[in-house]
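Presented below are the structures under discussion, each in the form of structure tokens.
Two complexes are shown next, each including subunit A; its partner changes from subunit B in the first to subunit C in the second.
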Partner chain A sequence: MSSVEVAEQQAPSLIGSSVPRKEDDRLLQGDGRFTDDVEPARSLHMAVGRCPFPHARIESIEAAEAAAMPGVHQVLTGVEVEARTEPISVLRPVPGAADLPFYALASEVCVFEGQPVVSVVAESRQLAEDAVEAIWIDYEPLAHVSDPIAALAPEAPVLHPERMDSNLLASNPQGRGEPEKRLAEAVVVVEDSFRIGRVSPLPMEPRAVVAEWRPGARELIAHVSTQVPHLVRMQLAESLRLGESEVRVVTGDVGGGFGLKLGLYPEDLLACLHAIELRRPVKWTEDRVEHFRASTHAREAVHDFRIAADAEGRFLAMTDTYVTDLGGQNSPFGSAQLSSIVFTGPYRVEDATVERRVAVTNKTPIGAYRGYGQPEVNFARELLVDRLARRLGRDPLELRLQNMLSEEELPWKNAVGALYDSGDYGRCLRMVAERIDYGGLRAAGRGPRPDGRYVGVGFTSFVERTGYASARFLANRGSRFGAHESVTLRANRSGGIDLYTGVSTFGQSNETAFAQICAEVHGIDYAAVRVHAGDTGATPLNTGAFASRTLIAGSGAVREAAAALRAKTLRIAAARLELEPDALEIAGDVVRCREQPQRAIGLAEIHVAAITGQGIPGDEEPGLEVTAHFEPSAAAFAYGSAAAVVAVDAETGEFEIERFVMAHDSGRIVNPRAVEGQVRGALAQGFGAALSEELRYEEDSGQLLNGTMLDYFVPTASDLPPIELLHTEVPSPVTPFGVRGVGETGTIPPGASIANAVCDALAEFGVEISSLPITPERVWRALREASNGGEGLEG
Partner chain B sequence: MDELATEELVEITVTVNGTVHRERVSPRMHAADFLRQRLGLTGTHIGCEQGVCGMCTVLLDGEAVKGCLLLAPQLDGRELRTVESLAQGGELAPLQQAFKDCGGLQCGFCTPGFLMTATALRESGRRLDREQIREELSGVLCRCTGYDGILTAVDRVLNGEQR
Partner chain C sequence: MKPAPFEYVRPSSVAEAVATLEAHGGMARVLAGGQSLVPMLGMRLMRPSAVVDINGLDAELGQIEARGAETTIGALVRYSEAEASPVIAERLPLLRTAIRYIGDRQVRNRGTLCGAVAQSDPTGEVALVALTLGATVVAQGPGGVRELAADGFFVGSYANALAPEEMITGLRFGVVPARGAFFERGRKHNDFALLSLAVAATPEPDGSWRDVRVGMGGINDTPVLARAAAARLEGQRWDEAALAEAAQLALEDADPPEDVRASAEYRAHLLPIHLRRLLLSLVEEPRHG
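And then the complex of A and B:
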């Protein structure tokens, strides 16, 4: 590693610099290559017929007419798919859960609206869709259950009676100490049930797949819009009964993922199956109506949270029993699991227990989404912290600071054994309080102002796990991937370096960050590093981009590979220059003597020498290429605090977010502009889930009410409040360069800070909010409920 | 594929990015599909096919419109511009450069829609402050950036550096 230290000493640091992104030029010119941009010659097109009911038995399928339509090549039903494929595996199953295998098409019973039932391949998408319309499917609707709490009631219909005797898929208790005892002793206990709405991650690019099969070569090429090409390759090979060497997944540019594009979807498998059977390329691009029903949903959960405190406000215990909604069956990745890891937040609590209960309902499967359980539990806990402050007559800022772990107390093992590595949690909270002039706002009072509106301030503080603790941690939970990343660096004859990674590119600036680290460690120009991402035929087998893990693991792999490549480059150059490697440095496109820079040799010349094996030392192997694998020693905990200032109309419930300030720590920052973009983008999704986004189901029919972009409200440019960002930069001791993950942080604080601000503004009315999203209607209902003395009105 | 369709094809003449194209199209093909599938101009993206998300925004006779709400036959005799027209000789246009400088894109899927909307704003010669720009850009959705970099980029190009 001495070469790394040398590199870090001399060049002006690329790490920490907002260099232009590698990805931008092609994307700005319309030259990105998204999956729908791929269309091999003689491509056929697939359309999928879907169950219109939340729960139904398939009585019969009459497809002969459709199969005979001009231009139609094949119709597949569930019976055929079950015979020809294996079930789609789950990458991160819920621990202790019954195995719920699912095939790409349902054959007997459908468990959610939008579940694929038939697939048709025709000469064009239009003809395929027309043929789907011509297939007659007779369904017998079955009793359904939409609500996850109702699904656990004894009278609920059991949705998977062949494998489960209730709809409780799993129950995972964790924790330490004796919280029940502390609760009994406590001077004050606050508790409530908090509902977090169901949302869609909604990447702007829908899912897509293009499959090509060459039978003689036994090669399947699947272009898939995914965050995890190498994992999709594994899942495809398993389900299609192929060897992995027969499957190549190619992922070009991906138009947003956010957790939704994690793993193999039924349509990916179907397109491949058709392509194999028809010996023609088969293409499918999801439309947005399908997306709202068949791409994974997120978040929906109910948290029953309790906090106990003594008279001085010291937190004595926390408990959280929560129900998460799985939907009708597993998603290819599995449902969100991190609420349990961070439920105690940044606070000093010894006695705390948590129990995750996973319920099956007749809704679209829940998958991963930016935050993966962390925004949900943060909402519950942080609302209760404010209620506790009101009960004790304490200031919510002071109460948080009193109970927050100090810098000196870290590392700290929380109640479920997660290790908070380092940081100054209180500093972020004080920074946001200072920035909004909390003292001034308090002195000015809550109003009402001349315009009749009440003013409130809401805080929230959080910790966020980024990356995975270790392969061992994952193995204990049945996860089918590792905690490491792998990177290949290959010198080329133009004097540049090609960097190969299985991390596909979906907006996270991975190409830029990897190239920055490579150039920093190696010494080559940033411009001379080219990143090739996402093709399993060309990149080392890796894990993929999710869980804010890419840089935590990937930075180590790039560092090790770049250091090794640099060392060999210096050895070859040293022999040619008749100097010691230690006397040399790589500066841009040359290797030169540090003391006498005129003694230099072009990097291209060294690369050619190594690649041809001509003119390298006798004890040196030809070639200049390194693959490195890196697993970090632990997960890194990012953290932060936020404050919202709102003005609320107590007549109508309408409110305006006048200011939103967030301070966060993502450890050492590789590219500040990219980090700010990640935080702002995640905040926008956080505001959406907090204010306007919610997938609503009609109770009687069990059907999705707002499954189009016209009535599911993603924030537009006009909808976001003014956002002020602050950050600290405490390096994590457990990762290369001290980085912490940053992709998901922004999703966590909006809901809790806004709810706390609204409740603070309306404190004199005794208003409490317990559910997301926070709509004016919900605030109005909470006002009515408070004025009725707590009679249930909140919806 | 069209020979299998039962409907009659419509012949259109349309100028796209300065090149005149004469094509026979299905009456139910929309303009975004026409650009992508017939002309290979895949920079125009498709996100919802109901006129909400703005991914397919192109300039029709200089006006920003959603390509998925136009049928290909409606293009007859019109002039269309797409994201592929912006860079000249490999040089990014000022608007593209501003997006790059300001963090105006991440996954890049929505970027052509914003670039074409902003191009129309710029060519309109209207004076717009940041809040007005925000309103004008609300017809295109972005799920990655939180819009801040996009607004800054467009503001910079429309109003210069004196912010």
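And then the complex of A and C:
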């Protein structure tokens, strides 16, 4: 507590101050309460039997022996689940896509390895797993397709023949102008096909659910580890054929979401169904082996990108036709939808078109993941910018600056109609170039150094959409949520404020930021604001935390609620102090006269007066509680640039990232330390996807080759390069306080900057990189192909 | 990820442990540090009828003994203990270096060297060093104590010459060459090796080298000795040509696997490059790795 007060004294404005996080005291003392910490009396445990094949028909299920095992309470199969529930709904459908309904358990055909087929509830998880093993399921393996490009070939098996006549779920063209004409006229055209690997968002806490049903009360309480408790409540009610008032979703601390926990999963629904039918609490915590197959994957895409330029290096046109992999069926958010929005990046391009093609394959469904398409398209575009520079004999830094939108050109509507609100894009790029001493590095040359290694520098620049454009934008895409956020503030009799939000807490510092804004606007001490998050029984109906939207929308709701609460507090205090409200201020725990601070009244006293209705003005309603809803006027575009310096061993392809510098603008920063944590955390995931993480499938069997922590190479702190962060703070005109989203930024630049640095280091060999992750083996293959006189496209 | 049912036995002596292993007809498994066994139980990749927990046998199995020229590491000695042991630092510095490549601190606090030898992971660091330095595996079974040379002990991926009713009680090293060096490359920090190398040799006053030993991990279904490479270097001065030839000869004893860490081709490409560099470090660096 004392450190909080010190911080407040040092910083007159709470916004912009690195006050200690609200979340940390409990988390650091081991007092966090995660879903697995919840275990009601008489709890039973669920285990799920999963399809071991990528594509198979279920011929028969023999469950009698398992159901009769001691300690086993219930076995469910797909036929029963289909009869008793509705399909799981999609929250953000792919525009133009066929409806592909799916149930929590497959009953006829499985479309991915790990798809739930049976669920068992027993006295313990051990017994439940024993029973799953005792269920005999006869599968007829069907022809499968793993690769999204192969899935779109005419000879590929059609995975949903009852709904689709190919595996192309949807195709979404967007853009403006006549890029084909510009391409034909251009002096230079660079183009390539870029392959982005499939990764797992891999939150430290896997998914978890504890379901309790009180039949007499007709109340289902579902403790779910999720980013969107109110949306899960809606989905549970729909699928279980309950009224929403019969469902309460409670989300405590969440050990990471990253987009993976964005809606209802089959296991959530199954635990609830068992709990209702057994009238006993049912618990399921995902284990890591399940997680790698049953929780959504991310990123996998192939971008065919082209850039046309004139002799002076001016960008004339860009096109991007890309395929994203959906996996076997929908997930609540499906495959990434933001590549199209930002495909032209921070550059001045009038003629540009993009087409997103969504392919169905026999793999785990793809879902949202920090960045949601933005790291992928950034990789493709920024590698081509460097290739264009090499073709034209231009410096890649200069070429970027030449084509970058200037501060004066903003706001700018890009080719797909997204509005870049404000900013100084060039400044971030110049800052990173200066910080890494680009001039000095170029003067020192590319080597080789005495140790034999070649040195390269790589840049990347990006814009990042944060938040949603509007409820109308979402409605046009069939999304089942709004662009706003909602917050309730309730004064309490201790003189504090309870803040209620449906935004659950999964590491994004929302409790801290909301309390900072509340205290700043209202005047109360930061320490006296308590944030209650994630219980749908206690918090206002909201959208949830994703798309870097929490602060963009939520800060407005907090601001409006805090201002209204403050106004009423001042009116009540004014009557009691016999002063005008305008003469008063709230300072910590008192309301006082600005001119004569000794004329003061305790905040607790005002709160009690309002809550009891005793001693308030006659025209004032009792109570001191406000709910506010806020929708920002537009999405805010964050932006930034990064530079990497690498040293490459041309004999082995092994390389070291010696420096990584990033400058970004997230608009006005509420809590600098929290922002730095967000950026570094996202960078770690960006480096993972850039350097080592990749889910690999065996071609013949179609099975996941590396679904354990032994073989999936997620970086540890020891694997990360040194990171240097720079910030600028240009306020956005479209959001409260000028904030821009920041949670996803760091995932964007690592891949492109490192690839460009490696290609720069090995420029004399003509090495080009076209896929992620950039492993030493891939660099070695690229070197070998370049020296063999090939096009330098590694496998 | 919960184990299938098994009987849990905590014996009070090695003899009782061996008797339990015998009673289960080879279907029981010994639990020492559990760093490999417990995950395999959880994933039901292993379904022993009993788990014989030897953690109560510290008096019999917990020692590092230096006797004459020999150093014996008991079956309950943790990696961290060996890492911190002055005896190991003085007598087996190559082993000490290699231990730092094993897992992370938590794994090293719990895992045991003999457990790693029993696990016989083809990428295991302890197995590689034991093979390279010509260690002896001491095992006890119903028929008594058996001594098995590390060279020949590893018979396949996760397979060794131990009988199912036997347990390892110690790992014994003799006199080792004067210099040693260790190399490992994984896909991330403390990952399983896609390539690991251990080299040891003693320089002679005339500039030649004797007792040359070259071990390779991650390059075959067991750790293997690069015999042709070592023979090329034995008794020779190590000029650039000798090192380059020896590095190429190492491929004769390699049959690299193909997996998510690396292709066979890439492993074969890396092997001579890193072996040559490691041997060079032995020449340049007067002390152990």
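By definition in this document, the second predicted complex is superposed on the first by the 781 of 795 C-alpha atoms of A that agree within 3 Å, B and C clash if a C-alpha of one lies under 4 Å from a C-alpha of the other, contacts with A are read in each partner's own complex, and residues count from 1 in each chain.
What we mean here is this: contacts are C-beta pairs under 8 Å (C-beta built on N, C-alpha and C of every residue); 3 or more make two chains touch, one makes a residue touch a chain.
Values in this document were obtained by computation on a predicted structure and should not be read as measured data.
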- Query: What is the contact status of A:E651 with respect to subunit B (first) and subunit C (second): first, second, both, or neither?
  - Reply: second
- Tell me which partner A:G507 touches in the superposition: subunit B (first), subunit C (second), both or neither. first
- Query: Taking the superposition as given, does A:D287 touch the first partner, subunit B, the second, subunit C, both, or neither?
  - Reply: both
- Kindly classify A:N706 by the partners it touches after superposition: subunit B alone (first), subunit C alone (second), both, or neither? second
- After lining up the shared chain so the two structures overlap, which partner does A:Q126 touch, if you call subunit B first and subunit C second: first, second, both or neither? both
- Of the two partner chains, subunit B (first) and subunit C (second), which one does A:V190 touch, if any: first, second, both, or neither? neither
- Go through the superposed model and pick first if A:P203 touches only subunit B, second if only subunit C, both, or neither. first
- Message: So in the superposed three-chain picture, is A:A573 touching just subunit B, just subunit C, both, or none of them (first/second/both/neither)?
- Response: neither
- Message: Let me test your reading of the model: by the given contact rule, A:T716 touches which partner, first (subunit B), second (subunit C), both or neither?
- Response: both
- Partner contacting more residues of subunit A (subunit B vs subunit C): B
- Note on the structure: subunit A residues where the subunit B and subunit C footprints coincide 124, 126, 287-288, 708, 710, 714, 716, 718-719
- Item | Of subunit A, residues touching subunit B in the complex | 20-21, 23-32, 34, 36-37, 39, 70-71, 123-124, 126-127, 201-206, 253-258, 285, 287-288, 505-509, 673-674, 676-678, 680-685, 708-710, 714, 716-720, 723, 746
- Query: For subunit B, which residues count as touching subunit A in their complex?
  - Reply: 1-2, 4-5, 26, 28, 36-37, 41-50, 52-53, 55, 82-84, 86-87, 92, 96, 99-101, 103, 105-112, 115, 134-135, 137-151
- Item | subunit C - residues contacting subunit A, complex | 1-5, 42-44, 104, 185, 187-192, 259-263, 266, 269-270, 273-274
- Note on the structure: Listed in rising order, the residues of subunit A that touch subunit C in the complex are 124-126, 129-130, 133, 287-290, 651-652, 654, 692, 696, 705-706, 708, 710-711, 713-716, 718-719, 775, 777, 780-781
